[in-house]
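Presented sequentially are two complexes of subunit A, the first with subunit B as partner and the second with subunit C.
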Partner chain A sequence: MGKFAAWVGYLIVLLGLPQLFDSVLAITIFNQMAIAIVFALSYNMLLGQGGMLSFGHAVYFGLGGFMAVHALIMIEFETVYFSITLIPLVGGLIGLIAAVFVGSFSTHKAGTVFAMISLGIGELVAASSLIFVSFFGGEAGVSADRTFGPPFFGVEFFQDVEIYYLSAGWVFVSTVFMYLFTQTPAGRMANAVRDNPERAEFIGYSARRVRFISFCTSGFFAGVAGGLFALNYEFITEENLNAVTSGRVLLMAYIGGLGYFIGPIIGAVVLTLMNSLLSNYTELWMLYLGMMFVLTVLFLPRGFAGFIMMHQTAWLRGKLSSLFLPYLITGTPAIMFGGSILAAIEMLHHEGEPFGFLFLTLDSGNTLHWLALAAVGAASYFACRRSLGQLNVAWEEANRMDNPTEGGPG
Partner chain B sequence: MSILSLHNVSKSFGKTEIIRGVNLDIQAGERHAIIGPNGAGKSTLFHLISGKYQLSSGRITFRDQEIQNRPPYEIARLGLARSFQVTNIFPRLSVFENVRCGMLWQQGLGYSFRHLLGRQTELNARAIHLLEEINLADRADFPAGELAYAQQRALELGVAIASGADLIMLDEPVAGMSLSEAEAAVSLIRKITKGKTLVMVEHDMNIVFDIADRISVLVYGEIIASDSPQAVRANPKVQEAYLGEAALAAAGDNDA
Partner chain C sequence: MLEVFVFSTLNGLVTGLLLFMLASGLTLIFSMMGVLNFAHASFYMLGAYFAYSISLKLGFWAGLLVAPILVGTFGALVERYALRRVHAHGHVAELVFTFGLAFLIEEAVQFFWGADTKNYQSPDLLDFPLFTLFGQEFSAYRGFMITISVGIFLALYYVLTRSRIGIIIQAAITHPHTVASLGHNVPLIFMAVFGVGTGLAGVAGVIAGPVLTTFPGMAVVLGSIVFVIVVIGGLGSLGGAFVASLMIGLLQSYAIASNLGMPDLLNWLGLEFSRDHPLNDLWTLTLPQIAPVLPFLLLVLVLIFRPTGLAGKREE
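Moving on, here comes the complex of A and B:
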């Protein structure tokens, strides 16, 4: 019952978001989130659930997207006649076909071999996209118009919000199917092969075949995400199947948390927000994204979802509230320390000209600003370190139980 | 009736011949122990039978089917299960998932993505029942990697027998256990292999003479004796090559 409620909640959030935030920017962001969620979930099928580190997952996203744009063009010129609501399915099928082909030789081994093949295929397809101009459109990419074809119950998809509701439907259905996949024999054996491919072979399963199935399923849903991209933007370029896009989906899945089904959803939401909102405030947002990734790898190896789940024990024992004050005591100086680092980076970036930072105006030419920053940074650093002890004590207290299972936060 | 037969099985790594023309018949229903000094090739023999290694020459038949050089998963599907000397489980899966994965293929679920595991009530009940047998029911939801050593060894056994295979091969099942843990493990092995054929490699002579109906002695890649425990113990060749006075004394026979 709890699970059912979670799914209903998910659907309500997906459908309710445009009611709460209806600005053009918000709808744009929601559309990006929808695409990112499906893409990141499909990536986690490989890395989180199947133990396959791919540096070329954008290939399936991009090929699906390109074919989807071509399908839109075909609808426009009446070569084919079907509703554009089915466009993500076109993307998915192309992603699946590409994955069947590549997976037939790349899933033989996991680990470095698989990672290198994925990198090679990624480069190969990205290079091809600039060679085969008739399909990929060269550097300009290909574009289409989604407003042709039969209307879907009277909707003709002139507006972004209409595309959002269509995307939300696809996101929900895709999420359900990707979740159900984890509950099937094929999905569970993907976990087993990730953990120990040798043993899986001795209980009757070909590790290669298990990987191949995950790989193809993952390629399909990456293609669906590519189809959603095509519907939303009505154009697609080489950038959408190259290593940058592949890297971004890896970051999303990792920062969100590979070990949890909802991890990539969290990662997709957080990174899309950073991408859209932070880029309005600073040119350095890519740098901060990189810093966040490194810090996540170092301190939250199980991602944001892992950090949330870490509190399950305390929550079940009704002790979560006892952690609030210790978190505040350590968290406040920690945030101030992080803030002073960011301020210093921004000051170096805005060499010689004053700029706004939060509610302050900073100027790298002003020695006093540097001194103040150093003082705040040092003070907050030591305050943070000194308070770590009380946080650890509080953590132990909140989690003490008969069976030692989980480590502390730091 | 022999369930597993090895005919002139040889295995070389480069120029080094590890297994040199082994002939061995395992009778259906017997408990057969393979003993021998370190480096005699016992684990290699297990790897050859279970498909981990390819043979250099020879034939292996399991229930009248040739199985040499077939991949491990095909051999496993025929009903030949094995455990490993070094614990070889699925560390991030729960204890329950470990044994359930071991049952999936024989349940006919294969690579299916149309069945939901949660709906397989009979399968899930059998997995719980197996966990009770190996005394891990109270650890069902733990990640397998977090179990204590002896519990991991019990789970190793559980994954091996989960498929319901008729022939079970155990590679040093009590290695590294304390005396009391080993005793518990032996009675567990007796219990779960009832009505099945057991082939085991074991160093502890107490356990070997306790469990085995027949013993084969492997020395430098050759079987020098294959007989009942009493006959093996009395065999002068075996005494010379392998069994020291101490081992015999430990086996509870000071007259030998």
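Moving on, here comes the complex of A and C:
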């Protein structure tokens, strides 16, 4: 019952977002999120559930997207006649075909061999896309117009918000199917093969076959995401299937949390927000993104979702509230410390000119500003270090059971 | 024809030996920790940038001495305080960490040095043609690059196989617990190897910076190629990495210099296709066009047909 409520809630959030925020910027961001969610979930199917680290997942996203744009062009020139609501399916099928082909030889082994093959295929496809200009359009990419298709119940998709509702529908359906996949024997065996391929083989499953199934399904959904991209932007370039996009989806899935189904959704939402909002405030957002990624890998190996789920025990035992005060005591100086580091970076960046930082105006030419910053940074660092012990005690207390659980926060 | 061949061979040698400097460190680190260091080429880039900044103040030679040491120290710190921490979470976490580190270093380089290409110059001392062949000059700096690379290869080989420390390192790769029981500080050895490996990448950066241009994308350009080499050579095999480096260097150099392509093949076969055929791009493909792709093609083929690489050990 609880699960059903979660799904209904998910659908309501998806459909309700444009009602709450209806600015052009918000709709643009929601559309990006929709694409990112499907893409990141499909990636997690490989890495999180199947244990296959891929450095070339953008290939399936991009190929699906390119074919989807070509399908849009075909609709425009009336070579084919179907509603553009089905475009993501075109992308998905192309992603699936590509994955069946690549998977037929790359899923033989997991681990480093798989990662290297995916890297090689990724580079090959990205480079070929610049060579085969007639299909990929070279540097400029290919573009289409989505408004020529037959109207879908009177909707002609002139506006981004109409595309958002279409995307939201596809996101919901894809999420449901990807979740259901994890519940099938194939999904379960993917976990088994990830954890111990040898044992899985001993009970009669071919590890390669299990990986192949996961790989193809993942390629299909990556293609669906590519189709959504094509619908939203109406163009696609080489950048959408090269290593940059492959890296970004790895980032999303990892920051969100690989071990949990909901992790990539969190990662996709957070990264899209950072991408669109932070880039308005600072030119250095890519640097911050890199810092956040490295810190997440170092301190939150299970991602944001893992951090949330860490509190499950305390929550189930009704002791979550006892953690609130220690978190506040440690968290406030920690945030202040992080803030002073960011301020220092920004001051170095804006050399010689005053700039706004939060509610302050900082000037790197002013020695007093540097001294104040250093003082705040040092004070908050020591405050944070001092209170860490108390937090650990509180954490142990909240989680103490007959068999104590491992790990502390952070 | 002959002059093209000779000069492509020389250029291929320069590239191949440079690649080997990166690949040797990468493969050493891999055989110790079992993880491919995605950030290896980023250390190479750091080497170039450090040397550039030093060369502005103190000249090229100071940069050649100091920059690799700085890079190696940074590498050792990364191993000590970050990689060792991530190690507990498994290989995927380590790989992902080095991937993130590569991303972060690229952004940090842009932050400190800016996104533009730096005018990092080779020293005036080596600014003369070493010899002239068929009317073309071969610069002394390229000769210097070859000398340094070969020197480092010989030194590395000597240290690893003939010296006491090399024997301990080799033992620590295969039997870390036994080496630890004998009273050696294995984590320290790991840290040192990581430091030396990244330091070698730094040397490569210092000497390659003036020739291959110093810009924030230089790590990405070389990074995946070095990966290809280490995999083709056989993970963990220095000899394999050496052969693969030269192979890739020469292959790319020949492919760029040649002017063969599909049209020649079609002519030879006596086939002809019209210009407006949808696959026109395929019929007009030339070898220089696909030169950048060749290493990756080779990588995929090697992984499919011989996953252990040229000289890799058989997997259990």
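Quick note on the criterion: the second predicted complex is superposed on the first by the 408 of 410 C-alpha atoms of A that agree within 3 Å, B and C clash if a C-alpha of one lies under 4 Å from a C-alpha of the other, contacts with A are read in each partner's own complex, and residues count from 1 in each chain.
Please note the rule applied: a contact is a pair of C-beta atoms (placed from the backbone, for glycine too) under 8 Å apart; a residue touches a chain by one contact, two chains touch by 3 or more.
A quick note: this is a predicted structure, and the numbers were derived from the prediction, not measured.
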First, second, both or neither for A:A192, with subunit B first and subunit C second: first
First (subunit B), second (subunit C), both or neither touched by A:A5: neither
Partner chain(s) touched by A:T184 [first = subunit B, second = subunit C, both, neither]: first
Partner chain(s) touched by A:L368 [first = subunit B, second = subunit C, both, neither]: neither
Contacts of A:L20 with subunit B and subunit C, given as first, second, both or neither: neither
Partner chain in contact with A:M291 - subunit B first, subunit C second, else both or neither: second
Larger contact residue set on subunit A - subunit B or subunit C: C
Interface residues, subunit C side, partner subunit A - complex: 36, 82, 85-86, 89, 91-93, 95-97, 99-101, 103-104, 106-108, 110-111, 220, 224, 227-228, 231, 235, 278, 280-282, 285, 289-290, 292-293, 296-297, 299-300, 303-304, 307
Of all residues in subunit B, those that touch subunit A in their complex: 50-52, 71-73, 76-77, 81-82, 84, 88-93, 97, 100-102, 104-106, 109-118, 142, 146, 159, 162-163
Sites on subunit A touched by subunit C in the complex: 47, 51, 53, 55, 105, 108-109, 111-113, 115-117, 119-121, 123-124, 127-128, 131-135, 243, 247, 250-251, 254, 284, 286-287, 289-291, 293-294, 297-298, 301, 345, 348-349
Interfacial residue positions of subunit A with respect to subunit B in the complex: 180-181, 183-189, 191-192, 194-196, 198-206, 209-210, 213, 217, 259, 405
